[in-house]
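Presented below are the structures under discussion, each in the form of structure tokens.
Look at the two complexes coming up: chain A is in both, with chain B in one and chain C in the other.
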Partner chain A sequence: MAERANGVIVNRLPSLTWNRLRVNHAFVNFDELPETNEEAVFTGQHEDQVKKETMTSADAERWADGFSRGIRREAYIAGKQATYQEQHFATALGRDFTDLIRDLAPETAVYTVEEGSKLDKPVILNWDFGKGGRAAAQQVIYARKGSEATFLLNLSSERDALGHAAIETKVIIEEGAALHLMKTNLLGRGFVLLDDSAAVVGDHAEFDFVQVELGGAKTYTGCYADQCGDHSLFKVQTGYLADQDHLMDINYVAVQRGKKTDSRISVKGSLRDQATKVFRGTIDFRKGAKGSVGDEQEDVLILDPKVTNKTVPVVLTEEEDVDGRHGATLGNLSPDILFYLGSRGIDKDAAEMLMTRGRLMSVVNLIPDEETVARSHHFIREAFEANE
Partner chain B sequence: MSDSLLQVKDLSVAIEEGQILHDVNLTIRPGETHVLMGPNGAGKSTLGNTLMGNPVYHVTGGQIFFDGQDITRETTDKRAKAGMFMSFQNPLEVPGLSLESFIRNSLRQQTGKPVRIMQFKKQLEETMALLNMDPSYADRDLNVGFSGGEKKKAEILQMLMLAPKFAILDETDSGLDVDAVRTVSKGIEEYHKRSDGALLIITHNAKILESLAVDYTHVLVKGSLVTTGGADLVQKINEEGFEQYIEEAAKANE
Partner chain C sequence: MSESVANSGVHFDPAIDNSKDDINAYLEGTDRSMYDFRNEETDFYKVQSGLTREIIDQISEEKNDPEWMHEFRLKSLDLYNKMQVPNWGPPIDGLNMDDIVTYVRPNTKMQGSWEEVPEEIKSAFDKLGIPKAEHEFLAGVGAQYDSELVYHNLQDFVGKQGVVYSDLESALHNEYADMVREYFMKLVPPTDHKFAALHGAVWSGGSFVYVPKGVHVDMPLQSYFRLNAKGAGQFEHTLIIVDEGADLHFIEGCSAPKWNVANLHAGCVELFVKKGARLRYSTIENWSKNMYNLNTKRALVEEGGRMEWVSGSFGSHVSYLYPTTILKGNDSDVEYTGITFSGKGQNLDTGCRMVHIGENTSSLVTTKSLSKDGGIGTFRSAIEVMPTAKSSKSSVDCQTLMLDDISRSDTVPVMDIKTNNCDIGHEAKIGRISDEAVFYLMSRGIPENEARAMIVSGFANPISKELPLEYAAEMNNLIKLEMEGSMS
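Right, the complex of A and B next:
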């Protein structure tokens, strides 16, 4: 408990494992958190397609809690022991972070996509930190019945910038609606980022989550989908790059309560230098989730023997009639592959970039904004050039 | 020998387990087609791999010159950039890298210039059609889930797109059915036609040579080149096998 006096616990694993593996949670020191929310330049594009309001973060939280179907608390189970954490609208980073960001960002932007409305263009929200800075922001996206929308949240700064950023995005997706939430992290090499996403997904609703994590020194991120609706779909597609001594800490949780729900988590990444990555992926079938399926797949390219790669796939079930799967592929550039690529003129550095880009661009290309795609492409190239 | 493209002088090669090639000498001029034959384990693939700079094989003696430059100690990618190419006997599967992206990046690395996308795509499409390849293979991960025949066609596709000065075909015909061998032969003919490149074809099978004008045939036995002849030597070996050469090599070693 001593560590909690100095910071917050985030990204808890829903089903705890041995403490010595150091994957049950991540710990973020207070000095890694932003103190103000004034230092990023915010620009929005195509916001006029939706209704935008501002609420106090406390009000926004109470309002969003009303959509979580009365769920009072979430358990963290270790063996037969469960500890409970009060959180009506459960998030991946967890209660500590929600409490903290409510204070850091006293106002929350609430975007409503009206019933039946299908947006032509993505709503693009950009936070540019320039030479560095500290900022926190909260949003709630409310996709009403039968609507469809894409929201793209971009975080960026200059390449060598230092800073702290904290973001929380809550998503409410009503019956038959589809929400595509896409987040990119093109922050500088000195940034600490905490980026939380959470959704309540209704009947026949779809939550499509795309995450591109390329920048930052330490990134704690996650997405928690409460699939309370029957036939709901939660789909995650993530691409990340971690290099130097950077940390990438990820927590995805699909809680499948409705009948015939479907979750698909796909995480692709590349690790080089002395980078560390922890990926927690949990598919949690609750009682009543009859006929549900869940699948999580990870594909990691290890480019250096000094990297640390931890993966914790978890499938929990209270229901018999479900199908949960997980799989992981570990790749490296073997001497045979380097010789093969070399025989076409591709040297080791180019091979590493090419293989990383192949993995990441398959995720980046899902983003329906050419500028973001081009900037991500450029960021990957620069990451390799800077290391040469 | 000033007109030679590739010159191998007294080349000896070893791997950790021991010596494989002994004092091999070979000269290939621009546009020539050479065939390298020999029984299993003779060292044919070792020679191909050594020419291409596979670090598994250690040159213990001799030199390799390409286009007038000593490349004996040069890295594989630099040899490729100088105009060398090898079609692999067992092409590797590379998940996460599409066939098209692989070829486009190879071209970019070799020329040092950006590739003109439209022109590249058109040429790729035409070349795939020539090799009876389904265009969808361009978007698929390199060699992943390709049949043996498609892998070999993909190698020939790369050769045609990269247009090297010199290509080593390491048993490109092995494991292929008659139709696939014909398609691969068509690709090799096209390579000659397009770029007048030189070839070193390592093979057990005369089928792939039927439509090609072979200039020289070499026989490698137990790591030594025991004889060199013209195109007729292929026919002779086809009929008589390697026994005569194996016996000669054994006598020479006594």
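Right, the complex of A and C next:
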């Protein structure tokens, strides 16, 4: 990435707000990327259940763009100054990142889940960085009509490893299909991660997105779902832990275009030490999305006084017949909870770990792979032990 | 490949294009004759339209500014010329400062009796009910017409308590001159944003209020701002200092007749709530629908102080309005209760900002928004909790009602939290009038239009009950007018 002069702007907020709050976008400075020449080791499990092809990234992008050609993408919404970037296949990190990764990853893996097929096991894609390294990867998952599949993307390294990774996953979900995309970030403390996901969701289709963010030094991640199909569902469940001077920058966008669409964004996490987290969540009801509902909730446990938490739960509406909600609860453990746990012999530190684990494991346990669950569990425990 | 995804269920109507400011198109509809009457501008003094150093010199000379104020205006003009318009709110392309007259002085001096106010101006305020309200329940009234106050009066019993309520220009030249200099544009400096800089350069009119320590003003004070002149701007400055342990309710009202060109309001309100004091600041904003309302309001609350905002936004073509409260003192608190009604041709971007600095501070925000007839409403907020604000609490409740499918309603809240020792809650809901509720009322013999109006009134009730009875009635009347407009 170092060949680009300055960096990229990612995770733009669709509806801008006061600039001084510094939530309208994030800037990834290439000069701050850790130096490394090692490549990550990629392994795939259960890939034989699906058809895997490799294309040049430019061809793959053109091919994927074909699926979103029927969607009118407005760069500007009436009465608004700044909204979405112009992008054929809209993504959460945005156009600059897509341009970047096209250059970095010359080939794209395209996974096709055939019509009507239901996969028995999750397709697991592992990037192991060991003592450190880098990776840039682009993949497209194409879930054809009536199919159902789970893809699990694991990023891991040793605890103190340095490196950087840029990954983009585009998902096309046809009518009646269900795609469960799950991601875990168990990277070392010196990692910068840019991890983008985007989907086009058809009629009666379901996009289930699970994200477990535990590692890294700086993480820029997001997921954008274009719910153009009637009765489509976009469901996000995220658990994160940010500690030390970790920066976590998240951008989720649900654009609800079809009738009776449903979006549910649930984000739970804990912040410790001097960690900084920015969460942008946008539910965007477009005209015609009659009977649609959207709900986003964030629950943040703030465990230390030097933490910075920024939460931006946005709802945009140009349709009358919708029901949109957002809520956020931010704070530390209440004295009542600490007293209750204290009376049962659990001190404050143990109580914090207990409550954090409770939040995170409710997300981690959604992952249908015992090894990944066990490693996540271990990662959380180590994070707390390292701080003691 | 996938036909089903590419072609599935995406139906778009042409985008509503409100970005162009064809104001004439917006001026049909609701009967607002109670507010929309105009007076001829005979014998009025005006500066040229536009914004130049010469115009600033002229305004400063007209107003007999002290030298420091003249310099302040010029520095503000420099800042204005250097600053950019916001890149995040409603478009303001239709506002051309070259067309705006920044100073219009009516053909009268400020009077202390309505009888001495020129008949046509008095008649305007009579229609708005100001003298009647003063007689019945106000402790004092200031009435501004275009750029200058034409009437100012404080009831004797309030004056005897030591309460000062005057026009700001007088305060610049009397025993409160040092106090004005100490506080003027310190809370909203001209560096804050482009329209604060504009205000610093061309401000005129407005009120100065000082409530001494321990004094409770039992009846509200009111300032009413009427902008009559076509293509003019109003830039009044309100400076209120409520000293330790004192208590005040201040009401601000504003309206203007409709014109087929843009008018501009870029007022500034600075409120200082001292230790243990309480200030309630109520506003019913009802500018005409050719108005760009780029107003700035800010309060600084010291230890144990309490700030209460009650805000109703009904008028204007475009609004940027976010009353800000800085909870500097420990144990200080703020309550913001607001309603915004965006109708045809309106793009109202309203909300609030709370900055928690002191320990054990609390903020409570309750807002309601309604959008109809193609109106665009945006609720924008920021809750900022600084590292020093231990044990702070904040609760935001934002509800939006969409009244048709050609309007737009957005909520853009931000919570910026820099301490662990706090409790922050946020809830927002966007929806429509429930068919079941309308059906229920109709089944009891209430026509559909009335049923919908009743539901909207009920939705707005938490706001109107915070206003004095007369103002609640005015607000309900405005809602009724807007609802009639949407159903006619």
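Operating definition for what follows: the second predicted complex is superposed on the first by the 358 of 388 C-alpha atoms of A that agree within 3 Å, B and C clash if a C-alpha of one lies under 4 Å from a C-alpha of the other, contacts with A are read in each partner's own complex, and residues count from 1 in each chain.
In this section, a residue touches a chain if its C-beta (ideal position, glycine included) is under 8 Å from a C-beta of that chain, and two chains touch if they have at least 3 such contacts.
Because the structure is predicted, anything quoted here is derived from the model rather than measured.
After alignment on the shared chain A, the placement of chain B and chain C results in a side-by-side fit free of clashes. Once the two complexes are laid on top of each other via chain A, the angle at chain A between chain B and chain C, using C-alpha centres, comes to 80°, given in steps of 10. Counting the residues of chain A touched by each of chain B and chain C gives the higher count for C. Shared-chain residue A:Pro34: touches no atom of chain B or chain C. In the superposition on chain A, A:Gly331 makes contact with both chain B and chain C. Of the two partner chains, chain B is the only one touched by A:Phe339; chain C is not. Shared-chain residue A:Gly239: touches no atom of chain B or chain C.
Within the superposed three-chain model, A:Gly146 lies out of touch with both chain B and chain C [touch as defined at top]. Contacts of A:Pro122 after superposition on the shared chain: neither chain B nor chain C is touched. By the document's definition of touching, neither partner reaches A:Gly94: not chain B, not chain C. For the overlaid pair of complexes, the smallest distance between C-alpha atoms of chain B and those of chain C rounds to 14 Å. When the two complexes are laid over each other on chain A, chain A has residues 329, 331 in contact with both chain B and chain C. Every residue of chain B that touches chain A in the complex is listed here, in rising order: 52-56, 75-77, 79-81, 84-86, 88, 91-92, 94-98, 101-103, 105-106, 109-110, 158, 162. Interface of chain A with chain C (complex): residues 15-19, 21, 23-24, 63, 66-72, 74, 76-82, 142, 144-145, 172-175, 200-203, 205, 228-230, 257-259, 285-288, 290, 302-332, 334. Chain C meets chain A in the complex at residues 1-2, 4-13, 15-19, 86-91, 347, 376, 378, 380, 382, 384, 387, 400, 402-405, 407-432. Those residues of chain A whose C-beta lies close enough to touch chain B in the complex are 268, 299, 301, 329, 331, 335-337, 339-347, 350, 354-355, 358-359, 362.
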